[in-house]
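Both of the next two complexes hold chain A, though its partner changes from chain B to chain C.
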Partner chain A sequence: MTPRFQPGDRVRVDDREQPGHVRTPHYVRGKTGVVERVVGSFPNPEQLAYGLPGLPYKVLYRVHFRQTDLWDDYRGGDDSLEIEIYEHWLDAAS
Partner chain B sequence: MRGPADMGGLPAGPVAPDGHVPTHWEKRIDAMMMLLFDPKRRLARVDESRRMQEALGEDYLKYGYYDRWLQAITWLMLEKGVFSQEELDAKKAALKPGLEADRA
Partner chain C sequence: MSEPHNHGGAAEHGHAQTVFQEDERPSFEAELLDLAVRELLIEKGIVSADEIRQAIEAMDTRGEALGAKIIARAWVDPAFKAKLLESGDEAVRAFGVDMRPTELCVVEDTDEVHNMVVCTLCSCYPRPILGIPPAWYKRKDYRSRSVREPRSVLAEFGTYPAEHKDVRVHDSNADLRYLVLPQRPAGTDGWNEEQLARLVTRDSMIGVAPVRDPRALTDAAE
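So, the complex of A and B:
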């Protein structure tokens, strides 16, 4: 699969609700970060959770966030957080 | 729609690692899951187990770690028709005395 994003691209995590097994935690939804690396393509776990084959494969990214962008009251300075997010949860951000 | 495992950022107390040593019962649950989920049998996948564990909702934290696994495995096997609720109940009734001694 051709990745839609490349390292350095700014991306925003979609802020939507979705039932079932979802691996995008609420604390990053609606937040903007930077792609750190393309991890690869994998069966979609949201489908695997229902015994389906997980097709089409989804591209997984490691996304870098500033902690101060994630938490309103964060006082840890320049700390960051990296988390792996599937492409269908990401949009391009300016 | 926030699942019980999606607790990042929610208020919580300090984490106290207890140095827990897995019990024989816990190892058996682990072995059972490995056998049911391995590529040879693939009766279910870990993603399906997660869906079932998250379906516990408010009960999620009332269950122990391996209790959640056992509940998930049980629900998955019922969902897939590997065994029926009646068969499960009959088997549990037959094995109950031994199981209670075994878990200790």
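So, the complex of A and C:
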């Protein structure tokens, strides 16, 4: 499975509401970060949670965010956060 | 943070300003399902009650000692450290650890970066290495506040990373499990792996506290 993004790419987490078992927390939805690494392909947890095989597998990334991009009132200039996001939650960002 | 009403818990005892939220108990349906599936598995001879007990016992007895050995090895062996950071799963296999179906991601503290780990969605934790997570790790206040105000949370643990440092929070929300590789403290030149391992605590591998002060161990030995 060819990853759509590479380390260093700027990505935006999709800001959609999706019912069911979702592993993309609300606090990163709609936020822009940078791909830290391509982790690999994993069964889709949104299927796996319901006893399905999780096909097709989804590419998983670790995405790096500046805390000040996640929270408007964050204090602590260089602090950051890294989180795992599946490809179908990511869009290219400028 | 006042609530128009409460659902029981601490607030009923006059602590309306409580900063934490008690976790909910599993639903009655979930408990019934657990019991039913377990009884079926036993009845069909797929697992025995004793095998379940053994698995729980093995999980409960795992603790910081194994993690501390891994960190101490990384401090003395640069090739092992490189492998641990590059491919954690493969590196810890030498210690008899099987991370499957998850993968191990080791994050290294430096003069510029202080790492800390949380799972905001549940309580994902490197159990094959550190065993059962501490109670606070699973609590909603740690899980929600660590990503929102990590420095305040760290201060409550008595940890104050320098202002210029990047406090880097790792949300363990999917398929990786995280272990912090703390910095080897000064004053430990010539220490062997066994001595170094005694400095490494569970909380230092979660990233909420520094490793033990080597002077404390040296004093105790004298």
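To be clear about the criterion, the second predicted complex is superposed on the first by the 94 of 94 C-alpha atoms of A that agree within 3 Å, B and C clash if a C-alpha of one lies under 4 Å from a C-alpha of the other, contacts with A are read in each partner's own complex, and residues count from 1 in each chain.
The working rule: a residue touches a chain if its C-beta (ideal position, glycine included) is under 8 Å from a C-beta of that chain, and two chains touch if they have at least 3 such contacts.
Quantities reported herein were computed from a predicted structural model and do not represent experimental measurements.
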item	value
Chain A as common anchor, with chain B and chain C clashing or fitting	clash
Partner chain(s) touched by A:Gly8 [first = chain B, second = chain C, both, neither]	neither
Contacts of A:Arg62 with chain B and chain C, given as first, second, both or neither	second
Which partner reaches more residues of chain A (counting touched residues only), chain B or chain C	C
Touched partner set for A:Glu17, first chain B, second chain C, both or neither	first
First (chain B), second (chain C), both or neither touched by A:Glu84	second
Which superposed partner A:Phe42 touches (first chain B, second chain C, both, neither)	second
Location of chain C clashes with chain B - one stretch out of 9-17, 27-35 or 207-215	27-35
Footprint overlap on chain A, comparing chain B with chain C	25, 27, 45, 70-71
Partner chain A, residues of chain C touching it in the complex	103, 105, 120-121, 147-148, 150-151, 163-176
Chain B contact footprint on chain A (complex, rising order)	17-22, 25-27, 45, 48-51, 70-71
Chain A residues within the chain C interface of the complex	23-25, 27, 39-40, 42, 45, 60, 62, 67, 70-71, 76, 78-86
Chain A-facing residues of chain B, complex	1-3, 6, 8-9, 44-45, 47-48, 50-51, 54, 80
